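First subunit A sits with subunit B, and in the next complex the same chain sits with subunit C.
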Partner chain A sequence: MSAAPGRWWRHHPMSARLGAALMLLLLVAALVGRLWTPYDPNTPGVGDPFLAPGARHWFGTDQAGADVFSMTLAATATDVWLTVVAVALAFAIGGVLGAVAGYWGGWTDWLIMRVTEVLQSFPALLLAMLLVAALGNGLVNVIVVVAFVGLPGYLRLIRAEVKARRGWEFADAAILAGNSGAGVLARHLVPNSLTPLVSYAAVNAAWVAIVVSSLGFIGVGIEPGSPEWGSMIAGGRDFPDEYWISLFPGLGILLLSTAFYLVGDGIVDRDER
Partner chain B sequence: MVGTVTARPTAEPAAARLAAVALLAGRKLGGALLVIWGVVTFTFLVVRVVAPDPIGLLVPPGAGTEVRDAVRTELGLDGSIVSQYGIYLGHLARGDLGTSFGTNQPVSDDLLDRFPATLELAVPALIIGVALGTGLGIVAALRRGRLADHAIRVVTVAALAMPPFWLGLMLLSLFFVSLGILPGPIGRLPAGVDPPPTMTGSYVLDALLAGDTQTAGLAAAQLVLPVAVLACGIFAPITRVARSGMVEALRSDYVRTATAYGFPHRRVLTAHALRNALLPVITMIANGVAFAFTGAVLVEGVFGWPGIGQYALVAVQQSDFPALQGFVLYAAVVYVVLYALVDLAYAAADPRTRS
Partner chain C sequence: MTEPGKPLLSVTGLRTEFTVRSRGSRRTLRAVDGVDLELHAGRTSAVVGESGSGKSTLARSILRLVEPTAGTVLVDGRPLSAFRRRRDIYKDIQMVFQDPRSSLDPRQRVREILDEPMRLHLRRSPADRARRIRELLAAVELDEAILERRPAALSGGQRQRVGIARALAVEPKVVILDEPTASLDASTRGVVLDLLARLQRENDLAYLLISHDLHTVRRIAHTVAVMYLGRVIETGPVAEVLRHPAHPYTQALIDAAPVAAHGGHHRTIRLTGEIPSPFDRNPGCVLASRCPLAEASCTTRQPSLAEFRPDHFAACPVTHRQPR
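Coming up: the complex of A and B.
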């Protein structure tokens, strides 16, 4: 991660640039969706029901006559925000636990790794589904659950990195210079272990975007009635003739997920060159 | 030594391989049992501690405490959490996953009833997904950096980034509503068509075995879209792994050496590069099987398919925790066993992984 965006641009392959551009577009759409939509996304009857996409309603209207474009735009913030926060949370908590397990080893490491193994034995979406069903729908619950389910991946990665570097000379030197173990871990070992985590996080975010919308689709997402792409698609499920109700929110998920995949692939490609 | 080089790496003695793998299998079994115990305990805690009290869902509204207590006792929910845990483990050991609130049937019976339908989607999807994934991955690696590679990458990323349930709905809109060439989301057979006598559990095979080609055709038509959606989720990750494995193998010293010895290109590819490149694909096949479970939940609902995925979906919507718990537990145990088998497959194929 270099400081200047220009440098980042020059040093990454085409796929990463395309991904970054897509991500910027989605961020702008999320921001716009918060401030302005052509119609109120939560109000039915702004047009006739089941209008096909046209000049007045770009993405058409749903069974209640709500404007699909306004709903899709308003939902952008929800899905982008959920994905980014869940990934950041998993990154942070998984990073700390993994670093601790990798550096100190012993029974802490043993316990953390056994719990990780158990969590990774569940197909991730099914575990998330069970947990949200148990905790109840809601924005915070979905974020916590998705982060929790994604956490083991980060934990294992950083644990392996820290474990490998623990015995390196720069770590020994820092200890001999009078630093505490925790200080060396935080200031030297963790920063040196982050690179593989960044590309993993990007690819993981692509997957998280799909999990978040899947939870919405099967009815264990955020509060019912809030705009979210997955639950919008579920709303259009019973109307296969009016494809546009599901098409556009699905394209939103596709774009978000693609953006993260491209950035993740780009970072991997850069590192392999 | 010149002239004694063979194109094929010498195989290790079969007896030594068997002994090493058997030893590992014993260790893996112990580890797998420990993990399965963890999985059971974790789901128990989620369902009995985190989830809301199920009694409210089971008794008629306004029922008195006597009725509530009777139901509680009947379900074994009246003791302390530790004794409940003991009872639960005892039931599980006898294969009893509890009784579904929704169907009033034992969850294990419900799952067994619905499993053939899921399998009828999963098996063809896996075969197509694995074949397509390895094929595209190898082609992409051989044509690295050229048009075919780029095209495959675009298709793969799109397949990965696409929510399966959405793809299913869009394919239905196109092939059922607009073009009218494939049947709608009405399950395994159109209404009014009797299922064939059960032999394998697959409607297509059973109808063929019974000599009823018309029913077999109808059942096959119902399969096309859901299988396509599942295969789409399976082939994409396999393509990526097969491509990177093959790219790495093609750059390796042993491929360069074999090429330098003048072995035919085709032989270097199949006997040297492919053997090593496709090892990681074993893991991806296990992931594909796992995806068949996850995908079932997302896809079966869209197509009205009466499998275990739709069962889980209904369970979620009705807060039917015994059913949901049973399904998740089932999937997790399959997952654990599958990955233990994958490790053994690696050990059999590659002695370096036997540490």
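Coming up: the complex of A and C.
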């Protein structure tokens, strides 16, 4: 993973390269959206209401006359950021809990796995909606809930990896080298178990991007009024003729989700070759 | 042959049991059943036996990689409780693993593999450790160019040399060799055995060689213990035991080995049947059901080791009684 970009490129299939390129494009868009937009995304009336896409307003304007391109661009950072942080959080916490459960087994494992099973017995999207509705809207709440709901996948995956490698001779050799149990886990077992987790994280991020915007769509996302693709789609759903209000943020979600999915799929492909 | 001095490792009455649950019932598997063993500086003791004889579990029990059920292990005269932390015993006793492909972390470079035990056990300065790494490489006849490689980029022989160097990094007194050449091809095997013998002379190491290969045993071991179903059934100096095996099982083991391992004169023994289940043992001799010499008393009383010739012990009253 520490390899130079050129090496990464050569060692991955075309789908992963396309995904990486899309991801780069989205990152640039997120950065640009933070620094500059053609119009203020939060100000209505920068143009007439319901203007179709054209030279002055590339993605048209909404019912209040706000510039859809500026809003879409400004929302990119929100959706990308939410997705990345939620995935990182689920990866880290699920990774640690799963590794601990897989290595020590016994009642720790039993407890962690039973809680995980209870968590997984709810449909993930529904659980996320209920939790955010209960906790209240907000950036932090959305991140925590989405990470929490996504956690079992990471946990189960690394648990299985660690459990399988625990009996290998290099785990015994690590104990003889002076490692404590935690040392064996952190220095040897976890690093050797990360590759499948990384590909899973990429595929899972595609799903997280959709959940994040779904929460926005039904109005239990981040603070109402802040730019977010899901809530933008929701804002355009009463105007079926003015398709551009919903179409462009929808394309954003599609691109983000596709980018992650392609990269994840590409990593899986590479590992199976 | 008498063993000089105090033993570096002394094992008494070591027993390791596993509880196996199958179809709701709990059964106890006695993998190591009361083994006594002594290792001395500069000497090699071999433990031989078929797979399933408990020799690997014996090694892992001595190192506490599995927890023994009973028995004592003294390292240089000190019981485990005399060590501040359990892992401090690995400063004195180390192991060379059977398969270096699975015992070397595939993500570590050779430099880190050799550095880790010194960093964790000895807390030496980085400069000290770098100097010691060069010494170790020279000792196992490896080029410094391999320091930045990972195990996958090494040959089988190179990997096992790295495994040996890692075991020696903390300057242990006792090294357990778990089938050290089983994963190597025939041409590399001899070179690695010679290397191990030289390292033993230079560092006055005590080796415990775990092997099923009598050839290896004959080549580097001084004494040998033959294990069958968790028990030592014969023990003595290597040349003596291989030339005049006293226990029918040892005789059968030698007969089954390629001709080159022979050299002595004894009757040919052929065992019948399979190794019996390690569960549900009968009270008598562990070999009774397969032994052509078995008598009625063999199935009722467990024979213990008795001196057959000087320093040569065997647990078989039948051959003990017979004139040779």
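Operating definition for what follows: the second predicted complex is superposed on the first by the 272 of 273 C-alpha atoms of A that agree within 3 Å, B and C clash if a C-alpha of one lies under 4 Å from a C-alpha of the other, contacts with A are read in each partner's own complex, and residues count from 1 in each chain.
Everything below uses one rule, namely that a residue touches a chain if its C-beta (ideal position, glycine included) is under 8 Å from a C-beta of that chain, and two chains touch if they have at least 3 such contacts.
It should be emphasised that the depicted structure is a prediction, and the values quoted were computed from it without experimental measurement.
Student: Looking at the overlay on subunit A, is there a clash between subunit B and subunit C, or do the two fit?
Tutor: Subunit B and subunit C fit side by side in the superposed model.
Student: Subunit A residues in contact: does subunit B have more, or subunit C?
Tutor: If we count touched residues of subunit A for both partners, the winner is B.
Student: After the superposition on A, what does A:254 contact: first (subunit B), second (subunit C), both or neither?
Tutor: After superposition on chain A, A:254 lies in contact with subunit B alone.
Student: Return first, second, both or neither, reflecting whether A:241 touches subunit B, subunit C, both chains, or no partner chain.
Tutor: It touches subunit B, and subunit C stays clear.
Student: After the superposition on A, what does A:37 contact: first (subunit B), second (subunit C), both or neither?
Tutor: After superposition on chain A, A:37 lies in contact with neither partner.
Student: Just checking: does A:262 make contact with subunit B only, subunit C only, both, or neither of them? Give me first, second, both or neither.
Tutor: first
Student: Counting only touches as set out at the top, which of subunit B and subunit C does A:188 meet: first, second, both, neither?
Tutor: Only subunit C; A:188 stays clear of subunit B.
Student: Have a look at where A:116 lands relative to subunit B and subunit C in the superposition and call it first, second, both or neither.
Tutor: neither
Student: Identify the partner contact of A:206: answer first if only subunit B is touched, second if only subunit C is, both if each is, neither if none is.
Tutor: first
Student: Would you sort A:134 into first (subunit B), second (subunit C), both or neither based on which partner it touches?
Tutor: Touch partner of A:134: subunit B, not subunit C.
Student: How far apart, in whole Å, are the nearest Cα atoms of subunit B and subunit C in the superposition?
Tutor: 11
Student: Report, in rising order, the residues of subunit A that make contact with subunit B in one complex and with subunit C in the other.
Tutor: none
Student: Sort out for me which residues of subunit A touch subunit B in the complex.
Tutor: 15, 114-115, 117-119, 121-127, 129-131, 133-136, 206, 209-210, 213-214, 217-220, 230, 233, 236-237, 240-241, 243, 246-247, 250, 253-254, 257-258, 261-262, 265
Student: Please give the residue numbers of subunit A that touch subunit C in the complex, ascending.
Tutor: Answer in residue numbers: 168-170, 172-180, 183, 187-188, 191-192.
Student: For a test of understanding, state which residues of subunit C touch subunit A in their complex under the given definition.
Tutor: Listed in rising order, the residues of subunit C that touch subunit A are 60, 63, 65, 87, 90, 94-95, 97-99, 102-107, 116-117, 119-121, 163, 166-167, 170.
Student: Report the residues of subunit B in contact with subunit A in the complex, numbered from low to high.
Tutor: So the residues of subunit B touching subunit A come out as 34-36, 38-39, 42-43, 46-47, 50-52, 153, 157-158, 160-163, 165-166, 169-170, 172-173, 176-177, 184-185, 290-291, 293-294, 297-298, 301-302, 312-313, 316-317, 319, 321, 324-325, 327-328, 331-332, 335-336, 339.
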